[in-house]
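Note that chain A is present in both complexes that follow, paired respectively with chain B and with chain C.
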Partner chain A sequence: MASDKDIMYPENFIITSSPYLRQAKNTRMIMLDVLIALLPCVVASTIIYGTRSLLIILVAVAFAVLSEGLSRRVMKRPQTIGDLSAVVTGLILALNLPIDIPLWQVALGSVFAIVVCKQIFGGLGQNIFNPAMVTRIAMMSAFSASFMTASRPVQWILDRFPDVIAESTATSSATASATMDAMSNPTPLQHFKDGGELFANVNNIFVNVFLGAHDTLAIGETCIAAILIGGIYLLLRGVIKFYIPVSYIGTVAVLSLIYGGFDLSFVGFQMVVGGLLFAAFFMATDYATSPLTNTGKVVYGIGLGLITCFIRFWGSLPEGVSYSIIIMNILTPHIDRWTRHKAFGQREKESMDRAAAKEAKHV
Partner chain B sequence: MRVKLPDGVKDQVAHIKGGIHPDYNKNTHNSEPVTMPSPKTVRLPVSMHIGTACEPIVKVRDKVGLGQVIADSTSRISSPIHATVSGTVKSIREGDVTSSGSKVQIIEIESDGEMRPYEGLKVSEIRSKEDFIKAVRDSGVVGLGGAGFPTSAKLDTPPGITIDTLVVNGAECEPYITVDDYAMNNDIEPFFIGLTNTMKWLNIDRAIIGIEDNKVEAMENLLSYIKKDPALDINKNIDVVSFKAQYPQGAEKIIIYQTTGRKVPVGKLPHDVGVLVLNVNTLLEIGIFISTGMPLLTRLITVDGSAVRTPMNVLVPIGTSIAEVLDFVGLRENPSLVIMGGPMMGVAVSSLDKTIIKQNNALLALTQKDYSLADESECIRCAHCIDHCPMHLQPTSIMKALKKDEMDKVMDLQVMACIECGCCDYVCPAKIPLVHYMRSAKTKVRELGGHK
Partner chain C sequence: MAKADKAPEVNARQVFTKGLINENPIFRLVLGLCSSLAVSSSLIGALGMGVSVIFVLLLSNIVISLLRNFIPNTVRIPAYITVIAGFVSIVQMLLQAFANPIYELLGIYLPLIVVNCIILGRAEAFASKNTVGMAALDGLGMGVGYTIALLSIAFVRELLGAGTLFGFTIIPEAYTIKLFTMPTGGFLVVGFFMAVWNHLAEKKGKPRAGEDCNGCPMAGHCVSEFVRSQKEVEEDKA
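Here is the complex of A and B:
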C-alpha cells in the first residue's frame, strides 16, 4: 500500500451537522428560469411594438440591477445582484409599462421598485408587496399621462392586421396618434366600461392569440401565446405551481360567465384584457408575496379573482388586476396563518388528547 | 416508472407526501463483502447506544476473550459492551465517540491475535418473553439502522401496550448504503431466525417486511425463503411490502404509515399504534445470537465516497479506528469530509482516530464533489421545504419564528415532530441549514419544558 502513503490525513475535517447533500438548484437558477419564461413575452413585445420595447426593458433592468447593487452596498449587506432577482423585477416592471412611456420614468420606476418596494423591507423574500405591481400603480398616479394611451403596434402590423385594435379606436387611431389625445384612445377596459364593443374581431384566432385583438396598455401582456408558453415552462420546471394561476383565472372565468349572462365572448374578453394572464402567471405567483401552502395559494387565487371582478364590474377603475394583487398581498400573512399545515400525526394526537381529556372528566 | 414486482409482493397501502430523490449511489450493491483482518487494538466506548452509558467491569491489564462483556449497566435503556478481539485491556480513558463532544470512557484492548472466544459464551435458553428480551440485551444489539436505541428496551413495551405488527425496516433509503440489501440477499437464514423468534416470543401475529422497489432481488429471496419456512405463511402472518424508492422511506413513522396505514401521533411511539419496527440487520444479529451465542462484534459497513479507491462493503470489528478501515480499503485522494452513516443523517467525524461503533452502517470518505454544505442566503419563500417535508411541517416558518424568538409559534408549528431527515435542507434553493435550525428549535423547546 505504498501509494497510500501519499495520502495525508488532515488534522481536522469539516464538521457541520447533517445533511451533507443538497440539490444543485439555487435561487439564481430559479430566477434564471423566470427570465427564460419571460423571453417569449420579450420577443413578442419587440415584434409587436418595435425595438423601443427592448429599450424600455434594458433601461428597467439596468436601473433595477444598479439600484439593487447600490442599496446593498449602502446598507452594508451582502451583495445580491448575482441572484438575478433584480433582473426579474426590472423585466417584469418593463413588461408592465406602455410603449410610449418616457425612459426617465422607466428608470425612476425601477429604482422605486428595488429601493422602496424591496430593499427597505430587507431584500428578496421579505417584501410585502409585489414590487413591480406597486411600482406600476405608483407610476400610474405619478405619471398618469403616460398611462392613458394604449400601446400601439408597429405600422406593418397595423397594416396587415387592422383587427389588432378595437374598432372604435381604430377609426380614430390616425387622429389619435397625431394629437395624442389620450381620451380618444382609451385602454380596452376603459373602452368597455364606456360601453364600447368588446373585440375588434373575435373570430380571427391568430390575431387574438398572438397579437391581442384589443388594445393593451402594457407591452408584455399582449401576446397571449407568449404568456402561456412562459407560464407552462414555469409549471413544468416546478418553479411555480398551478394553484394560483388556475384558481385566479378560473374564478374570473366563472364570475364573468355569470355576470355576462353566459356570453362566452365576454368571458374570453375578460380573460385576455387588463393583463390578467400575465399577472396570473408571473406576478401573482411571486414567492415573497403569495402564501406558502397549497391551500393558501388556492385561497389567494380565488381572492384575486373575486377582487379583480369586483373592481372590473362594479368599480370605477379599469385596473382590477393590479389592485387585487396589492390587496391580496396584504392578506398573505393572514392566509398563511389560516392555512397552516397540520403535522403528520397531529390530528391523531389531538383526537387522542381529546379522548384522554374526556376519560379524565369521567373519572 | 413503476417497477415490476415479483408475485406475492404487496404494494404500499398509503403514500406520504414529501420526500426527495437524491442520487442513490448504491455502488456497492451486490458486491461481495471483504473481511477486514482483526486490528492490533480496538477502542470501545462504553456507550454505543442511546441511553445510559455502561460502566467498565474490566481493569487495565485484564485478559479478555472475544465476546466477553467488558462494560455493562443496570439501566433498562442501555446495552452491554463486548470485547471484539481477545487480548489484554490496555487502557481505560475518557474520550469522545463521534463529534458530539460529550465524553465517555473508552476501553482499549490490545489483541493477542488469536481471536479466542470467551469461554462464558453459550447459546441462551429461551422459554419466555422475558428470556428472549434478556437474550437480546445480552447480544448487545442496538438499532442498527443508525439510531442506536437499545433493542431490548424497545421490545420491553410498557404494560397495557399490545403489539400486533412487526414492521421490518428494509428500506435502506440513505444514499450509498447497501448493507441491509446485502443481508436480505445473503444472510437470509439468521435474519429469519431473528424475525420468527421475535414474533414468537413477543406474541406478534404479523410481520411486514418493508422494502424499496429498487431491491427486487432481495424481495425474491425473501419470498422464496418464506415459502420454505413452515412457520411463515405469506397469506397469514407475513407480508413483503414494496414502496417507491425515495428518501426518507426508512424513517419509522413513514415506513409504518406506508406499510400499515397507521399514523403515529405526534410525540408518540410506534408501540402506541401497536407496531414494533426493527431494522433488517438488527434482526439478523438477534438471529445470530440466538443460534450461536455470539454477540454483536462486527459490522458490515459500506465504505464509499469518491476519495475511496474502490467502494466496498467491509466486515469490520467494532472498535476499529476509522483510519485503519480507510487504510484497508485504500484511498485515491484526500477526503475533506468523512461521515459515519449516510449523507443525509450521518455524523461528520472530526478525526480519523474515532472508532467504528455498533450503529455504524457506512463510512463515507467524501471529496468536494460528493457533498454540498449550507451557504445561507435570504429565504425566498419558495415553499419547497414545505412541499418536501415528510412530516408536513413548515421549516421556513419555524426558522423565522425561531429567529424572532417566538417560541410559542415554534411549538404551534409542531417542531417536535421533525425527524431531522434533511429533506428541507436538501431542496432549499437559498441553501439555508434548516435542519440545524430545527435542532436548535427543538433543543430550545425542550429547555422550556414544552412538548406541545
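Here is the complex of A and C:
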C-alpha cells in the first residue's frame, strides 16, 4: 500500500525500494491488539479481586512507560513510547502479581522490566528474555514475603460462592497445616503439592473455576473465560499463531494424563489452575523471545509443557510456568537455527560433502 | 629505585594507575569473580578481602620478580603457587590471631586467595617479566583496584540488600530488596559497574582491548577487532 507521501513525489513517481506490497500492520497495531485482548483479563481481575488490581495495573503501566521514555532519552535513542510495547509489558507484569503486593514494589518491578530486561539489551526485539516473566521471577526472589500470600477474591464473591481452597484449608488436613506458616492461604497448586484434594469443596464449577473465583497467586491468571476470549481474539486477528498455545497446553495435558493415571479431573485441574493458560496465550507467544518457524514454535511449546510439568510434579516449587518460559527463551535462538527453512535448491552440507567425495573418486 | 630500573616504555605512574580503571582486575580483566561475588555482600567482608589481597599480591609480586631469573620456565606455575600459598598462609594466620571476626566472615574464600587468578595472572603476566620496583607498583595498583571494585559492589549490595552500611541500618528492613544479597544480585551489580568502568576507560572510537594485549592471558583466543587487526599487521610484516 503506497502512502500519500510516496504519491506526492513529482510526476507520481514512486522511488522507494522494495518491498512494494505492504501491510498496515505495525508494532503499534499489534500491541494495540494485545491490549484489547488483555482487556477481559483486566475486567475479570477487577471484579474478582477488587479495585486494588486496577491500581496495581495503573502503577505498573505508568512506571513502565515512564522508564521506557527516560531510558531511551538517556541512551540517546529514538523514542519508542508510541509503539505501546511498554504498556503491554507493564500490563502483563501487573496481571502476574498478587493483589496484596505493596505498590512501591510494583513500580520497581516495572522499572526493572523495562530498563534491565529490555532497554539494556537494546530495546524491543533485542531482549532475549520475556521482560514480564524475568521481572516476576526477580520479584519473587527479591520480595518473597509479598508472594507468600495468595490473592483472595473480594468478600461478596466469597459470600455467594464459598471459595474452593480457602474453605478446605480452614478445616485443614495435617499435611496442609505443616505449610501454613509459610503460606497463609495456599493456591490450588500449593494445595496439590501439599497432598491436598483437587477441587476440594468446589460448589460451583462454573463460577469457581471457569470464571476464576478462587485463590491464586497472580490476579490475571484465574479467569479462564477472559483468557480464552483474549486468546481467541489474538488468534482471529492473526497476531499469534496457534502452534505455541496448542503444543504447550497439549503437552501439559498429555503429561498430566499419564502422571495422574488417566484421571480426567486431574488433567482438567492442571489446565485451569496456575498461570498456564495466561502464559500460553500472552507470554509464550511474545514475538521477540519465541521461535520464528512453525516447527520451531511446536518444539518450543512442547519444551514449555515438559518443563512446566516437571516442576509442577517433581520440583519443589508449586508452579513452573515462569521458569519454563525463561528456560525456553534461552533455547529460542538454537531452535530457530535447527528449524531454519532451507532455501529453494539448497542442498544439505552432508549430502554435498558426499557428492564431492563421489566426484573425487570418479576423477 | 623505580627510576633506575625503568625500562624505556614503562612509566611507573602508569603501572600503578592502570590497575584502578583501565585494567581493573574485576571490571576490566574480569579475573577473580568467584571470590569477589561471594564476599561482596557486606562492606566489612569486602574490605577484609581487599586488604588481604593487596598484601598477598604486593609481596608475591616482589618475591616472584626477584626470583624471575632463577625459576625454570617449565615449572614456573607450581613455583608461583608455592610463593603465593606461603603469603596466603601468613595472612590467614594473622587474621585468625588479630581479626578473628573477619577471618570467620571470609571463611573458605580466604585460603582460596591462593588460586585467585588475579594473583597468578599478575605473577605470570607482569612480575615474571619486570623489575622488582615495577612489580611492586603493579601489585599495589592491582590490589587497590580490586579493593575499590569490591567496595563498590559491596556498597550497593549491602545498602539495597540488607539496608545497612558497615552494619549500620540505613534503610528499614521492610524496604530492602533481598535479591541483592543473593548471587543473582551480585552478578547484576557487577554487570552495571562493568558498564561504568568500560565507559570510564574507553573514549569514543578507541579500541576495546586497550593498549597492552600482551598482558592478557586470553590474547591468543581473543576475537576483538583490535586484536584481529594487530594480528593482521603482524602477518603482513612477516
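Simple rule for what comes next: the second predicted complex is superposed on the first by the 295 of 363 C-alpha atoms of A that agree within 3 Å, B and C clash if a C-alpha of one lies under 4 Å from a C-alpha of the other, contacts with A are read in each partner's own complex, and residues count from 1 in each chain.
As a convention for this text, a residue touches a chain if its C-beta (ideal position, glycine included) is under 8 Å from a C-beta of that chain, and two chains touch if they have at least 3 such contacts.
These numbers were taken from a predicted model, which means no experiment stands behind them.
By the touch criterion defined above, A:23 reaches chain B but does not reach chain C. When the two structures are aligned on the shared chain, A:292 is found in touch with chain B, with no touch to chain C.
Between chain B and chain C, the partner in contact with more residues of chain A is B. Shared-chain residue A:116: touches chain C; no touch with chain B.
Once the two complexes are overlaid on the shared chain, A:141 sits against chain C while remaining clear of chain B.
Residue contacts after overlaying the shared chain place A:314 against neither chain B nor chain C. Chain A residues in contact with chain B (one complex) as well as with chain C (other complex) do not exist. Chain A contributes residues 1, 4, 7-27, 29-30, 78, 80, 83, 85, 122-126, 287-288, 292-293, 336, 340-346, 348-349, 352 to its touches with chain B in the complex. Interface residues of chain C, counted against chain A in their complex, comprise 175, 177-180, 182, 184-185, 188. If you check the complex, the residues on chain A that touch chain C are 104, 108, 116, 138, 141-144. Only residues 16, 20, 22, 99, 175, 253, 257, 263-268, 323, 327, 330-331, 333-339, 343-352, 366, 370-374, 377-383, 386, 390-394, 396-397, 412-414, 417, 420, 422, 425-431, 433, 435-436, 439 of chain B touch chain A when the two sit together in their complex.
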